[in-house]
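Sharing a structure, written as structure tokens. Questions coming.
Chain lettering (A, B, C and D) follows the sequence in which the chains are written, and residue indices restart at 1 in each chain.
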Amino acid sequence: MMTIIRVAAVLLTGFFVGLTLEGVSRKIIARIQRRYGPPWYQNFIDVFKALSKNGITHGWIFDFGILMALGGVIATLAFVPLGDLVAFPGLDNLFIIVYLFAVGALGMAMGMVGSGNPNSSIGVARALTQMLGYEIPYMISVSAVMYYYKTASVSELMLSQQDSWTLLKMPLGGIVAFISLLGMLGKKPFDTPIAPAEIASGPMVELSAKYMGLLMLMHTFSIFVEIGLFVDIFLGISNYWTFLIKFTVIWILATLISSVLPRFRIEQVVKFYWKVPLGLAFLQALFVLLGWVF
Amino acid sequence: MSALLIAVPLLIAFLFVPLKNKIKYILPFVALFSLILILKLPIEQVNFLGGWKAPFGITLVLDNSSYYSLIVVNIIFFLLSLIPQIIEKDLSLIFLILMASINGLILTGDLFNSFVFLEITSVAAYILSSSKRNYYGAFKYLILGSIAGAFYLLGTLYSYIGTGSLNLADISKNINSEFLAVVPILIFIGLAVETKIFPLAGWVPDVYASGSALTPAILATGVTFSMMYLFGRIFITVFHGEFLNVVYIFGLITVVVAELSALKQDNLLRALSFSSIAQAGLFLSVISMNSYESLTAGYFHLLNDITAKFVLFIIAASIGKSFIKNKTTGIAFSIASFSLIGFPLFAGFRSKLLILKTAFLNQNYILPIILLFATIIEIAYVLRWNIKLWYPDNILPQEKEKTQKLSWNVNLILLIVALVIIVIGFYPDIYLKIAQNIASGLTNYRAYVTNVLGGM
Amino acid sequence: MANHERNIWEKIADQLRSKSLWMLHYCTGCGAIELPPSMTSRFDMERFGMGPMATPRQADILFITGYLSAKTLRRVIYTYEQMPEPKYVIGFGSCTLNGGIYYDSYATINRLDYYIPVDLYIAGCMPRPEALLEAFNELMKMIRKGEANGWKQYKENYDWYKNNQIRSLGEVLVHDEFHE
Amino acid sequence: MIPISYLVLVFLFGSVVSYLITKANRIVGAIFNFLLTFYALFVLWNLEIGHTEKLFSILEGVENTFKVSSLGKYFSIISLIVISLVSFFIIEWIRKKPSRPAAFNAFVLIMSAGIIGVFFSNDLLTLYIFWEIAVLGSFLIVPMGKEDSKKAAVIYVVTSAIGSYMYLFATFSIYNKYGILEFDQVSRFLLNEPSNLFKWFIILFIASAGIAKSGIFPLHTWLRITHGNAPDAFSAILSGQLVKMGSYVLAISLSVFPSTKLLASFYSGVPLLNYILIWLGNISIIIGTFMAIRQNDMKQLIAYSSVANGGYILVGLGVMNSIGYAGGLFHVFNHAIAAAMIFLSFAAVVYRTGTTKIDEMGGLIWKMPWTFVTYLVGIISLAGIPPTSGFISKWMIFNALLTKGMFVTLTITFIGSVGSFLYVFRPLAGVFLGQLKKKHYEVKEVSPVMLIPMLVLTLLTLFIGVYPKPVLDFIVSIENSLGIKPIEYSGTIIKTSLGQWDTLTVFTMFAVGFIIALVLYIIFPRGKKVELTDQYTGGEYLFNYDLYHYATGFYRFLERLYDKHPSFEKLYGMLVSFFKSMGEIINELFYKVSPSGYVFWISIVILILFWVRW
């Protein structure tokens, strides 16, 4: 019973905080561009408006893909510890989270390509390629952390940082993970997959109304999973509230960075990730092996 | 008695010269007769022709090795004679003469006699190889054979000078170091042509691939076997294994070179003839380890090889572009080629194991490597040919019409031989016994000498 | 105009819709030049929750700036029919209203609302961004009141619109790249 | 209980029977095959560990015997599951497909006989014999496929021979040195062997048979052409089963001969030899992944993925600790099932459409939904995504590498894992999703006979993914018998030193998430179903929707980065042509010359001989 309540708490946090922060980030970008910007609750309106419309569907795989995407991400989110709010204590293995996350991605990709539009296929191909770029340095830097603390459980990784934050102990790994995080979020230098002006917003090209709304929810939850993992692993011990503060800080930082950068081409993304962050991640792993941890 | 083995075929050949069209149908009976005759003969019997005792007269020696060699060779002749389709009408006489000379070659205990029989065999082989208008190949063979014969004769002369005798047993008893320096080289060159040693085997592809089924079927099996027997007899029994280290190296070179050449052949018969060369080289290098085990392994392998080659050559020469109409033939072909490669379940596997075991026993690690390497190449081309014949690319319908079915007797004999291959794969005892007897006869030169020269 | 009563859910939905208008702009004429200032920092369209969208599937507003030739009209209709309901059309500038300076051209149409239902016209050649924002605010009001019902009208009078379209564009009998 | 040797004989003679039956009626022959293989599965399932049978004796001092070990039983059951289900598939498939159905059925049984023999052999020689029988049977089937398949068969058998002859060489070295060939005795002798070089040589040469068979670099090139061109249903056996024979030999060379005890540790408990093998696995993963991304032929694509997954298995086995070894073994199961599923779904697609080129198809999901489901679950398992079984083994391998601190290998396994998302998606998008081609409007779903085995495999994967106990039980008994610390698990929770995870919770949570999404989906307004050709086209009218399908050069932007990659296939091609031209030179110099040339060579030989002798 407690598990159900905790899961519900995690999901509701994801929903409210996630959508709020997305609105906040739009506001921040507007302010950087010297605009007034939409209200902070704009994304709630957008989601529910989208859900209220009468959309079109391209058949069962289109629907199923969306459901699988949202279901997979909800399942993933349930395993992410939000500070001391852990839905499944002991079972929050990092690999599980990372790979369960792929269910959502696969579902989305499948549903979108199932629409039959080549733009979405191109977008998905780009998204997968980008994943090949950012996932490797991210996993290496996180693996170095796991190797150092001898555990793969995210909450234990968080609790192991009693003396100081992992980010300070392994600064290179932290930087690599943050750069990879930008790629995961699809933030500006790495928003190649959904490039609206090139491929008509890529995977989402055929999404309308309800489907768009569900996908926006999925996107919100994914952001929560991605940043949540980073906060748990790198930013020290936190309870529920400090977790949300740290989360907000990271999210705003990512927004600030992305709002001033142009877009990479897809092969530039891969080249970049496999040169700089991967090299740094290896360096970090070497330091960990040698015991050079601050 | 054993003289009959030489005399009867010769006699019948001469008697039937006027009736040479009918002689085809007598062949099986002649072959059967000599087979029965051999089986009746007691082993360890020396026949002094004209009553002259050993060092002075001509002797025909029937010991373990020659007895079993005779059996093998005569079975081959018998099987071939049951396939009259492949024997062209003029060649029946040659067939008989070849039979006589090979029987003589195996039986003889005299170096000069062996030269004579060698020459008769060669001449018969020249004529055989000129069938299907393959005159150029036959000419090549003739030139090489003649040179080889000259060297063989030279070797015979030198050994007479060196030991004062022409009797093999006598030479074996009296050899000395001075003599050993020259004679093995000359004899080796003399035999190298017939035993297909690199680089003197240039005639083989041209002759075997003439398109006639009989030529390769008899040259690669019966004649090769008798030559290998003679080689073993001379180099192991007479020269006590002297000079074999050189043979070993030549054998290995032959294996590699022949397999490499076979890889690129686009004619099945040529590819098979290169395989035949390679197997001969392998055999020579195996027996040049000069022990009872290695000889057993070598002759066992040779038996497997000639069994397989018998099937392969006959089918390769008589089949067209595919097995579409001749499935049973195709099965026999495949079985033979698997045996050649040495897949388990088939005879070739057993001999390969035996060779490997012997080689390792002699601390010889080069031979297994070469053997396995050569087998890989052999697998490549033999199996490629199998696939090509089983799954022909684009056979035109009229071509399909043209390929005729092989007649039942050919198929039956080929299937029986193929079955023998499988049986040997499971129970190699028959072949192994033959090989062991030949090996023991060859290695035990003291017994040979006593046997021929009497208790001295 | 048949203005049937909305239920409570539809009223809430209309409130939401008016606060979050996503726009597909069909920029064939010179009017498109007025959009960048409306979107960027001077006038900042996003503060009303509006934004450009890449595909008709996600758009609420079809925003047509300028004249429509027979060839582009066909595409506009195609695009309009691909949009999910509810959907709104804004005609921008005189060209959509009465043909503007192209009123006697053989190649353009003069009145857009013969062919698709236009919820709101912005007069002028060309209207300034202020007029644009005014129009958007007006449209939002209409949506909140449930008056922006062009899409229902299109459904109800589908035959009429279709006839007009066919009269202007001609019926397409052969479906290939040379005839449509 | 039926002895294994009888089972092998039944298969060998059954092949003749099957040939005759199939000659009379293809379908009855295929049913016969299925019943026989299914019966064999039943028999093998009931075998008790330790059961021994004497067979024959070829070399003196060596009794060739069968012995049921846990390892062999595990592998044989996986194999027979694959073979029997594929045989079931063949019942329908054989109506249209192989050019020689009778021979096909017969050879499948010969191959199965060899396979059973391989897994129960108790000594190196018996293993070799049955190994070659399996190769023989499978090699004869390959050329019944597409036009390149004849070449493929030769490449397959030559590569296999390279490996198995190295194995044979090592076998005879052991026999020559110790006079025995039984696995446990050999490992006992090896433990007392002073020479490190000899141990290296033995393990490497024995492993090389496995390397050749499971498509590990540098002998990986045969997989593409063989899997790609073999008869479609047979590719499932090739990739799902025969390749696993290689993994079996690798497992033997690394664990039955306890490599960690034989050799000194090089890096965190892993000997240098294992490390080299792990690196071969790494290179295979890289090659397999990146080459699979490039392929446009769906069968060749999955063939390269087999290379990568063979690499995974080798990495897992090579680590040789409790969790890595278990991961390697579990991956054997996963890849066998997943590859069988994928190749069977491809076989179904080819059965209906007649092509394997990805960009010649599209949108087949609307015509063949169940085939699509099979493929989907297959790739989810292959890519290692929960809740299928594929994730469990990947998770174990990652854990093992992480505890050992092997970061480079870990990186490469991550690349292989993420890369697998890329390449499995290519057929998914190109063949099953996207626009349906006009020429495929009339395509129908395959018949239930073909669907049943596919769906059985699907359910099996999902079931093991949620409840992995049956496989883990096997792995624990294998690890116990080999003296490796067994992997810990309780119920559905698998534990390692790095933490634990619960397959059931993950599955439940996924189901909950899906239900939440479904509820949201249902309460909001229903979408209107539109035609597949009602697409956003930027306002343009399209007339040939066949072209509105993104499948050619799916990852072109990524492929461009490594277009100029070095190719081992080309290298081997060059090697072959080198051998051929050597043969040509020899032929010209020695075998084709005129008689005067022979005289020249004779004089040379004489000169050499005289020079050598004097």
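Here is the rule we go by: a contact is a pair of C-beta atoms (placed from the backbone, for glycine too) under 8 Å apart; a residue touches a chain by one contact, two chains touch by 3 or more.
All values derive from a computational prediction rather than experimental measurement.
Novice: Quick one: most central chain, C-alpha centroids?
Specialist: The chain sitting closest to the overall C-alpha centre is D.
Novice: Going by C-alpha centroids, which chain is farthest from chain B? Tell me that one.
Specialist: Farthest from chain B by mean C-alpha position: C.
Novice: Taking the mean of the C-alpha atoms as each chain's centre, how many Å separate chain A from chain D?
Specialist: 35
Novice: Could you please state the distance in Å, as a whole number, between where the Cα atoms of chain A are centred and where those of chain B are centred?
Specialist: Computed value for the inter-centroid distance: 77 Å.
Novice: If you average the Cα atoms of chain B and of chain D to get two centres, how far apart are those centres in Å?
Specialist: Between these chains, centre-to-centre, one finds 44 Å.
Novice: Which residues of chain A are in contact with two or more other chains?
Specialist: Within chain A, residues 52-56, 200, 205-206, 208-209 contact more than one other chain.
Novice: Which chain C residues touch at least two other chains?
Specialist: Answer for chain C, listing residues that touch two or more other chains: 55, 57.
Novice: Return the residues of chain D touching two or more other chains; collapse runs of consecutive numbers into ranges.
Specialist: Each of 534, 536 in chain D touches at least two other chains.
Novice: For chain A, which residues are in contact with chain C within the complex?
Specialist: Listed in rising order, the residues are 26, 30, 33-39, 42, 45-46, 48-50, 52-56, 196-197, 200-201, 204-209, 212.
Novice: What residues of chain B sit close enough to touch chain D in their complex?
Specialist: For chain B paired with chain D, touching residues are 139-140, 143-144, 147, 181, 185, 188-189, 192, 198-205, 246, 257, 260-264, 274, 338, 343-345, 349-350, 353, 356-357, 360-361, 368-369, 372, 375-377, 379-380, 383-384, 387-388, 390-391, 393.
Novice: Contact residues on chain A for chain D in the complex?
Specialist: 7, 11, 51-59, 61, 63, 66-76, 78-79, 88, 90-91, 93, 95-96, 99-100, 102-103, 105-106, 109-110, 113-119, 121-122, 124-126, 128-129, 131-132, 135-136, 139-140, 143-144, 146-147, 150-153, 156, 200, 205-206, 208-211, 213-214, 217, 265-267, 270-271, 278, 282, 285-286, 289
Novice: How about chain C: which of its residues touch chain D in the complex?
Specialist: 26, 55-57, 74-76, 78-79, 82, 175-177, 180
Novice: Using the touch definition up top, name the residues of chain C that touch chain A in the complex.
Specialist: Touch list, chain C to chain A: 9, 13, 16-17, 19-20, 40-41, 44, 46-49, 53-55, 57-58, 60, 84-86.
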